[in-house]
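Read from first to last, the chains carry the letters A, B, C, D, E and F; within each, the first residue is number 1.
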Amino acid sequence: MMNTTRKDGRAPDEARPVKIIRGWTSTGEGSVLIETGATRVLCVASFTEGVPRWRKGSGQGWVTAEYAMLPRSTNERNQRESVKGKIGGRTHEISRLIGRSLRSAIDLSALGENTIVVDCDVLVADGGTRTAAITGAWLALHDAVAWAVEKGVIAKRNQHSVLVDSVAAVSVGIVNGAPVLDLPYVEDVSAETDMNVVGLGSGGFVEVQGTAEGAPFSRGELTQMLDLAEKGLHRLNSLQARAILTPPGVEITSADLGL
Amino acid sequence: MMNTTRKDGRAPDEARPVKIIRGWTSTGEGSVLIETGATRVLCVASFTEGVPRWRKGSGQGWVTAEYAMLPRSTNERNQRESVKGKIGGRTHEISRLIGRSLRSAIDLSALGENTIVVDCDVLVADGGTRTAAITGAWLALHDAVAWAVEKGVIAKRNQHSVLVDSVAAVSVGIVNGAPVLDLPYVEDVSAETDMNVVGLGSGGFVEVQGTAEGAPFSRGELTQMLDLAEKGLHRLNSLQARAILTPPGVEITSADLGL
Amino acid sequence: MMNTTRKDGRAPDEARPVKIIRGWTSTGEGSVLIETGATRVLCVASFTEGVPRWRKGSGQGWVTAEYAMLPRSTNERNQRESVKGKIGGRTHEISRLIGRSLRSAIDLSALGENTIVVDCDVLVADGGTRTAAITGAWLALHDAVAWAVEKGVIAKRNQHSVLVDSVAAVSVGIVNGAPVLDLPYVEDVSAETDMNVVGLGSGGFVEVQGTAEGAPFSRGELTQMLDLAEKGLHRLNSLQARAILTPPGVEITSADLGL
Amino acid sequence: MMNTTRKDGRAPDEARPVKIIRGWTSTGEGSVLIETGATRVLCVASFTEGVPRWRKGSGQGWVTAEYAMLPRSTNERNQRESVKGKIGGRTHEISRLIGRSLRSAIDLSALGENTIVVDCDVLVADGGTRTAAITGAWLALHDAVAWAVEKGVIAKRNQHSVLVDSVAAVSVGIVNGAPVLDLPYVEDVSAETDMNVVGLGSGGFVEVQGTAEGAPFSRGELTQMLDLAEKGLHRLNSLQARAILTPPGVEITSADLGL
Amino acid sequence: MMNTTRKDGRAPDEARPVKIIRGWTSTGEGSVLIETGATRVLCVASFTEGVPRWRKGSGQGWVTAEYAMLPRSTNERNQRESVKGKIGGRTHEISRLIGRSLRSAIDLSALGENTIVVDCDVLVADGGTRTAAITGAWLALHDAVAWAVEKGVIAKRNQHSVLVDSVAAVSVGIVNGAPVLDLPYVEDVSAETDMNVVGLGSGGFVEVQGTAEGAPFSRGELTQMLDLAEKGLHRLNSLQARAILTPPGVEITSADLGL
Amino acid sequence: MMNTTRKDGRAPDEARPVKIIRGWTSTGEGSVLIETGATRVLCVASFTEGVPRWRKGSGQGWVTAEYAMLPRSTNERNQRESVKGKIGGRTHEISRLIGRSLRSAIDLSALGENTIVVDCDVLVADGGTRTAAITGAWLALHDAVAWAVEKGVIAKRNQHSVLVDSVAAVSVGIVNGAPVLDLPYVEDVSAETDMNVVGLGSGGFVEVQGTAEGAPFSRGELTQMLDLAEKGLHRLNSLQARAILTPPGVEITSADLGL
């Protein structure tokens, strides 16, 4: 089953090329442009002192995320949610997913009563926008924490303990009966099963969300998808590690890194 | 690890008692009150001829669901979403989950251009409201389909092919380091991982949604949780099968059935 | 005129059977399921310490109510008000009516700076939902006050002075030219006049709301409707008195009580 | 009790001076400025051919009303409902009341498939705004019907049968234990009972809405209030009859007419 | 070009008749009814002590405005913005414009931490509603400041320094190729260019907003329009100066003043 | 006055460097990234066949625009308008301004019953976002028209008559008493007057919007600002002319072009 060829010629366990630039915009305490194939997401972290009212006096910080798509990030234009006057269920779901994922990688006590919001705006959508957003958002979060440590907003003694891990995400699925890694839009719409997996750099899972779109999936298929996901996450961990060593404004690509 | 005792005395792989009454209200083409421990959800299916505008002329029907909680279904009162003027992210997520789950068990072509909406209103919430809602909603869906066949709204030739399977759902999780089945609220808030699994009566998975709330979970823990989920789903399949043989207005309980 | 027979065989001055269970749900400081004919309303009272901002420092408490209908409590499904994003005029009107009615029976100074919200959710609607809601809501209010006295949240010296009276409500109307008591849906839609009357256990009126739907009504007809209303209120006063002497979880019915 | 003097020197059964100008604005098929004491309401009727979708093909017309207050029509400024983004319960209630009242005076079949909306905007509020609105709105409705007959939009054969009656409204109440007619704001806020009565020119009641604000009211008090209301309605019927004989742009006052 | 005659017979540089009454309503610290041709706007100023949260402790006051149109102020009825649930772009734009214009004429430090809101409600719209609103709103603002000085709410030492200038506004445009002053609706809809100019009594411009609706406008045309605007503003300055010397309740007209 | 130096060293009549890339995203019938100094706006045009309902059957097309800012395009994060549930007045104003500007350059009859929406999303905001948006949006509009001509959606005979002109925009203002061209954020917030001027490639004005923020401006200052604006517009006309000759994906800069 593994030697099926895909429309774009990739092997089932082959992910799309990734490009990352940190510091892409001049605003934001962290700002990352991430591309996965044609998918392009801008992740900007905003660090503010203080926490929402319900958390005041807890000694703990807060990390959250907001996901949105530009109206013409897709093949057909979608109406803006600001114009509709309400946020759709999908947007809510993904924003919450990104927020939970980021919080799994940070020690909110060490962060102190500070808030980091990471805005993930999809400029071009070609499948895997939520997983690209998580992977890019962690880098923006990393830079915002580094900024706060440098400014002395985060206590010196906590500088190494705030970020406890890295977090990245991949999509996997069953397409034409075969498990595949990293689905572009064209595969996504015809997939029997679509699964997003969020994992830590140190190895555990943070989220596993598998949905049968057409046919149900078996335990065996679940096992195969998880194998692909672990492979994909491993590659992204390496890319993230490389990205934080690269200066802002310099693009890194998976191809250059042989990943 | 499996012999840990829980606060309510259950074994880790032991689910809470379930009660089901079909035909609980006089309105609705299907109407089911389902209780799982203290959790109590009213699932009412509304059958209407015709489909939403975007589906007209497709020859296919539509099945969807709406989930909501009464303001004082919980320990503390929550503001109504109608008063807030918008539906929260969690409500959206769960409504979409129930809708997808139900659609996995129905042949929309055989349904013809008809719509079934299943309203799942939580009267008492003590953990596992979304899984109880799915399990009860399928029964309401079953009754609405039966009603339509009897009324002749669904073509005779399709009467056996509309409902292609049954669907049920359970929650599993890691609590105090141990995998457990069917978490009440008190376990849910302290769980390291919380996972909802939706499965078909014939055995495949429809949804697997695992979220690390505290610590990440390993592949090993995932395997253990899936084992518990399969066990829990098996029991619910039996309960559902029994329920559809029981006349409306008569309560069945898992205890009476030895399940 | 008084010997006209109605569709359901009742005499013009005969009300429908009533069932009441206190403590129907495990949540809520008061929780009452009330049925009037097929109409079924769940009334849950939530007691919280403190009052809304505009009342702080007044030394007075606040009692309010929220009325809502489940989408399929009626013969045809109605869209949820949370989905519409706004509350309709009818819902507003009835919520306000219930709140005013409850406040007529309570001494807000003796309540102290505490708030009681009574949620009245209609599970099945067959006419008279607002009057059933008021009658049931008073019982839920009674139980919430009793709870607060027992917990010591309401000062000992006020324990007998908080609830100053009981309150109940009935509908009356002119149907086919004849005054009738307690209209089910089928009569409600064809009534020439529809009137809701809220009264205290001790005898005075709290609300009289008569609306000519078809033909106007004369002073003579108004007199006849008020006579019927007084009779209906008297019966409900007796039922409420009996209900508060009955333990939670035990159903009382008007038939058993010969009312 | 009837010889109590009121703050403004009126006898208990004495209504405030009324001024009416038809044709106050150049827009609107009917346009009436009505003043009752300091209360000032602009009632503008808009006639449009066609009916709302739910009424198409019925052969019947539709009449509705919208009530609103300018933000500084009151002693303290209120936030605009357009700014709040939603219409309050009181506004909804009053708009519905005015609409029902107007519909009691018109034959919707004779109107044909046409719609009349009467906008009642309160420029100054000093008690009795809803009753002034109903009284003024009927005049605006009258003029809109006359306009449509003249333009030939309403069929000739129906010209005398569209408006079947006149409708007016008064407030009555119990203030300091005594029944009084036509309450200004200062009495309204301290009234024990507040009642609005809508009646036809030919004598029947259309709406009776009595609310105990402080103490409940007895049948005896209800009788006294209805006596006052009938007296007040009788005077307004005369004023309306005079107003429709007076040319647009000419003000009539109750004082000039000895009413 | 200047001797073109207009539909209503005015010369290109001739403005419509203006009527002004201060104190038109009994509510509001300032209340002005202004008419420009058939256009009629009610401007009511509300003075409140204190400022919005974001301005507290600044020592400075705040002046703002809200513009709205009654639904039938126009030839065809428009839906209320409160019913739509949102305020349209045009309303926002004009409210902001009026607020900025008023703030250019007031010393917010001398005002102290007080707020003045001027509500401008259009009763009849026949072109030039925003410019009439600004001209009338300044008079209402003037009266609210005078009220506050008299009540001692504004410090004595600031009584002459709060209002630093007067402000008025006119519309100009290019209609059928010719520059004209003060466009009624019929000219407004066919104008090639529409320009609103707000100026101070002492001579400077506060706002210049010119929009090409059909053809672009040249520098030469811009110069001609500004000449007309300066002429129109000069006349309104005189009218405003006269109005503040006229007692409340007394109407002044441009005709009577030879303006 | 003209030799004042500005904070960033520019002469008063010197505009900031501009960069333009057409075809920056793979989606959109036109897609332009424009930078003016640090300001960065993505303009994406969506071409759809058909027109809004109110324009059907007119034979004319429609062009509109939507402007929005990413939450962290500014120095401090702003809440998303989708989260607030409504669009602010400023956003409305600017969207309308861009739409009007674009329509001044297109022949809607030649466009036929087709719609072009240009989304202008601000990625980084450093003053002049609306003028950059207009300048970039025209290029996106140009490309969308070219696309439609190539696809044959726009009739062959109209291919040269759809776009009748080019349109661009600049900001000018009075800063520290001196007229300056192209204000960055730091000048914008301290400007006495802020003016946006939209002009056609062939020379006329489309919009002139001058606002006194601090002191009023005189006719003399207005003249100086208009001189600067004409100079700035001339340069942008040249840049736009160059841009449409440059292939998609290739960046052009004002510096390279000596502009």
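Annotations
By definition in this document, a contact is a pair of C-beta atoms (placed from the backbone, for glycine too) under 8 Å apart; a residue touches a chain by one contact, two chains touch by 3 or more.
Because the structure is predicted, anything quoted here is derived from the model rather than measured.
With steps allowed only between chains in touch, the distance from chain A over to chain D comes to 3. In summary, no chain was found to touch both chain D and chain E. The copies chain D and chain F differ by a rotation of 120 degrees on their C-alpha atoms, rounded to the nearest 5. When the contact pairs of D-E are matched by residue number across E-F, C-D or A-F, over half of them reappear in A-F.
Homomeric contact chain A/chain F is classed as same-residue, with over half of its interface positions used by both copies. If each chain is reduced to the centroid of its CA atoms, chain A and chain E end up 52 Å from each other. One simple way to say how far apart two chains are is to compare their mean CA positions; for chain A and chain B this gives 30 Å. In chain C, the residues that touch at least two other chains are 85-87.
Chain-to-chain contact here is organised cyclically: the chains close a single ring, every chain touching exactly two others.
Remark: chain C residues 25-28, 31, 38, 40, 42, 44, 46, 48, 66, 68, 70-75, 77, 80-87, 91, 117, 119, 121, 123-126 touch chain B in the complex. Contacts from chain E toward chain F in the complex involve residues 86-90, 92-93, 95-96, 100, 104, 195, 199-200, 202-212, 215-219, 222, 226, 230.
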